[in-house]
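Structures follow.
What follows is a pair of complexes built around chain A, which joins chain B in one and chain C in the other.
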Partner chain A sequence: MNSIKRLTALTRAGVMESLQFRLGTVVTLFGNLIYLALVYFLWKAIYDSCGSSVVNGMTFYDTMIYLILATAIFNFLEMFIIWDMSRSIQSGEIILHLLKPMKYRLYTFWSYSGTHLISFFLTFLPTFIVVMIITKGAIPLGWNFLFFVISLTMALIINFNIDMLVAPICLYTESTWGINMVKETIVLLLSGATIPLAFFPDSIRRVVEYMPFRAVYDMPLTILLNKDGANTMNGLLSMLGTQLIWCIVLTIAGNLFWNHAVKRITVNGG
Partner chain B sequence: MANEVVVMKNVSKEFKVLNRHEGLKGSFQDLFSRDYKIVKAVNDVSLTVEKGEIIGYLGPNGAGKSTTIKMMTGVLEPSSGEIEVNGMVPYKDRTRNSENMGVVFGQRSQLWWNLPLIESFKLLRDIYMVPEKDYKDMLELYKSLVDIEPIIHKPVRQMSLGQRTLSDILAAFLHNPGIVFLDEPTIGLDVSMKAKIRELIKGLNEVKKTTVILTTHDMGDVDALCKRIIIIDEGKKIYDNDIDHLKNYFGSYRTLRMRLEDGTWEEQVIDEKKTDVMHVIQETQKSHKIKDIQLEEISTEEVIRKIYEGSKAYE
Partner chain C sequence: MEQTKTLKKKRGLLFYISIYRKILIQDLKSKMSYRADFIISNFGMIISNMSGFVTFMILFHNFPSINGWNYYHMLFLYGFSLIALTPVQCFFDNNWNLRFMVRSGDFIRYCFRPINVFFYFISEVFDVKGLGQFAFGLGTFIYAWCHLGIPVTIVTVSQAVIFLLTASLFMIAIMNAAAATCFWIINSGYVMVIMNRFRDFAKYPASIYNKVFKFIFSFIIPIAFVAYYPSLVFITPDNVPLLTWLSPLIGAFFFYLSYKFWMLGVRRYDFTGS
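This part shows the complex of A and B:
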């Protein structure tokens, strides 16, 4: 029913739109450098004060690679669905989106896809290549990269669904800022994007393992860096499988919640 | 039956609105208040629209126009009553229903802000799955109706409001829908742009036989485009008939102004049911010498104003 052309047309528009903002990419890269400088000195201090070169099974080097790539993934995954949706609800523009002959969630996802494609090539890949050159072979390059791309795609879908589960809340609360901050903090902390999961206390880590956030940052990174858990075929498949399950579960949940939330527009008016 | 594009039967729409209290104390009360009142935005409206009609859907601000349009497009569910557009219930299968609909909401745009207009067109072509040939024919038609060359390669964000509205109307007709909703399309536009847009809407309606539902506060739009108008106020339909009939709504009035020999203008409102213009002129000529005359028809705007004010007077 939905021909592929519909979807790729949206991707194409997204690519063209994000290419309009060349300067934005430069600013993002610059912002990252400042953030990464902060991360560098923070963790340097942590490792220095520990007195041992390996903390929780990770060397300073490992931690830095992990966090730099996590930042790159963050830029790749970053969507402004929550902002965009609340703005379009407040302005009433959402009606125009609802009146497209496509399901709103599908339409939204594919509208963003172009932006992600561009940020993969313009921010993630350059960062990755720079890290690879600097670390001279610390990152194994082979099949794992292919699996990483698959894993990252699923991370994107999971992240999209988390956002789509949070965004309609603004239909009920009529405010967005706080909700967005809470969501952002939870995802970044529990996914391992700010602190590698290896540093979490065992009890908390066990809880986090059963949450979808890990599937957004930690799993793709573990696969890319070919670390424990992803370096055997079984481990790899179970990670990809876990991601797939989260994709399905969250897509269903997101769909249900959205259908419920959209009633608020159709019943109570925008 | 097949000719009816919109059928509404006893449609009502109610909203639940929280009763807000005044002041700081009131604001805190509101946090826990369950004190809702029901507001009837649309109250028992029935109407049918036939294929190819341009309907002027009028009413004062807050009369329930937008609510009706939203119900017709399917973004709002009616609280009671039946509604059918293009033979389907709009809110039940909104996605499929919108394939055969076009919308322009005054100040909002469905175009891709940062892309040249032609890219938005191509995107809409793909989203609505318009066959290549139909798409090309439509662009040809557009070219014959308006000069789109200067805007077709311009990013939408660089357009003037007039150009953008024009583009939005073109975008709404692109997939050749059975019905197009235009919600205040000429709001904020200059006179010549308004004329251009009216011509475009008229042209598209004639060639494609597209049904158009037009809400506006500009009676110029109504005079130029609509044969039939529907007026609602406070959610109720108060008028639904030809525009010609409207002018006779309060009797057929005309204003006759005569300049007499001393240079003063004598003004007289003539009710054609009682007398006629020639008679008044003859009568006046018996006592004065008439140097010049002016005859003014009552404007649509005046009639509408009378209707709006009249409906309030019933309260």
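This part shows the complex of A and C:
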């Protein structure tokens, strides 16, 4: 009971912190709108020049909904763990975090939880509702939304663990920007956030199926849109199962790597 | 009076070039001590550029053309934009630190030097990872150039150089203006982040937008000038719009505006007396 209180205290602090920067939220929302307009014009041009309205099982509207929601999920999942960690190592602040009577990984996860909660309600949900109104029910609403929330939570955990696996690399290399860039690029491309996985050539897609990145964007979206694979109970369970396995595997791997890396930390001076 | 005039004259281009060289060498010396960082940053840059390349490959695996632009046209545009975005990456990267400096008050030290504040601040950092982008962009550009069968003559090559140089002014202007907002809004990093995201838009032909967005991307956030307008000189040489020929002038104008805006911020900063 006491420990839950401690964790929710961190969540509350995160909520308050992210509510502070209201202007930032407005500007980000505005930027997203322009970005979505670009995505719209680009794919409209693509489908117009192609002649057929269904490509690889995706219509123009499917693609749009997929990409818009992927952007919303991107905003929801965005964490700056790699930056925060390298900054706190450079300033020596990390020692304070390590001295806290709480595991560092747990502490980081819960301090971010408030930000996620806010961005779910302030960016993801409004986007989702707007998309629903505009497309007039192209998104089926029912049990799939519940499964989507479960799936999204696991996507959050997987994404967090990927970050926590990559962040300690900075301890060894002293290069934050490059590492972060490589991670971001690979995750966004191979998870289907830039182009839906349905468009990938078969050979590449078969490889991508065995990677954890798909579980971050493609799986929650497929479940939400009730597309191929998620429209049967078996397919749904296998997707959620895959996500769960990745959660466990990445958590264990992240823990092991962090425990090894933390011994490498050298903080100069006080 | 006469003396100050001659003093001012001495501060011509040569003076600034020699100062720039000195500051640059200092910066590179300190960068050399992190060799691993140099390699990894460039690797990251190339990976991220390559993902743009792969995106086009996947797109054109499914679709034959986009609005009349085929695979090599798009790669030409992409290569062009990567090269044109190199100067902002290499020479103007210190803009990203501006908000921290302004907030902490460290910025005041730039105001006490007897040289142009903007010049001194910007020259302090040379970002090496832009070199990776330049290499990748040049490779893509040449690859597409060959496949499109654009003739290699003195005229086309010098056109390419001039248009690449002037196209780079647009992104520099955007980032200057975005960075300068921190003189008015505390912690305005998100403005820069969003403007920076627009650089990804440079690789698409502006002809896909409707009128409103075409106007926005031409004259308000002039991202269409980074690659689309100038590369029309090479892609449709018989039908080049007037805006393309004017783009060097427009670029200089935007750069001048952003510089004035930046300096206005500095004036304001002086007056807060922090």
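Before moving on, here are some points about what is shown:
Keep in mind that, in the parts below, the second predicted complex is superposed on the first by the 263 of 270 C-alpha atoms of A that agree within 3 Å, B and C clash if a C-alpha of one lies under 4 Å from a C-alpha of the other, contacts with A are read in each partner's own complex, and residues count from 1 in each chain.
Keep in mind that, in the parts below, a contact is a pair of C-beta atoms (placed from the backbone, for glycine too) under 8 Å apart; a residue touches a chain by one contact, two chains touch by 3 or more.
In this text the structure is predicted, and so the values were computed from the model without any measurement.
Once chain A of one complex is fitted onto chain A of the other, the partner contacts of A:202 are absent, as it touches neither chain B nor chain C. Of the two partner chains, chain B is the only one touched by A:6; chain C is not.
When the two structures are aligned on the shared chain, A:16 is found in touch with chain B, with no touch to chain C.
By the touch criterion defined above, A:91 lies against chain B but remains apart from chain C after alignment on the C-alpha atoms of chain A.
Between chain B and chain C, C touches the greater number of residues of chain A. By the document's definition of touching, of the two partners only chain B reaches A:103; chain C does not. Touch criterion met: A:173 reaches chain C, while chain B stays clear of it. Every residue of chain B that touches chain A in the complex is listed here, in rising order: 15-16, 41, 67, 70, 73-77, 91, 94-96, 98-99, 101, 103, 105, 108-110, 112-115, 119, 122-123, 126-129. Across the complex, chain A is touched by residues 34, 36-37, 40-45, 47-48, 51, 54-55, 58-59, 61-68, 129, 185, 187, 190-191, 194, 197-198, 201, 204, 208-210, 213, 216 of chain C.
Residues 21, 23-24, 27-28, 30-31, 34-35, 37-38, 41-42, 44-46, 48-50, 55-56, 173-175, 177-182, 184-186, 188-189, 194-195, 199-201, 204 of chain A touch chain C in their complex. The residues of chain A lying in touch with chain B in their complex are 3, 5-6, 9-10, 12-13, 16-17, 20, 91-93, 95-96, 98-103, 265-270.
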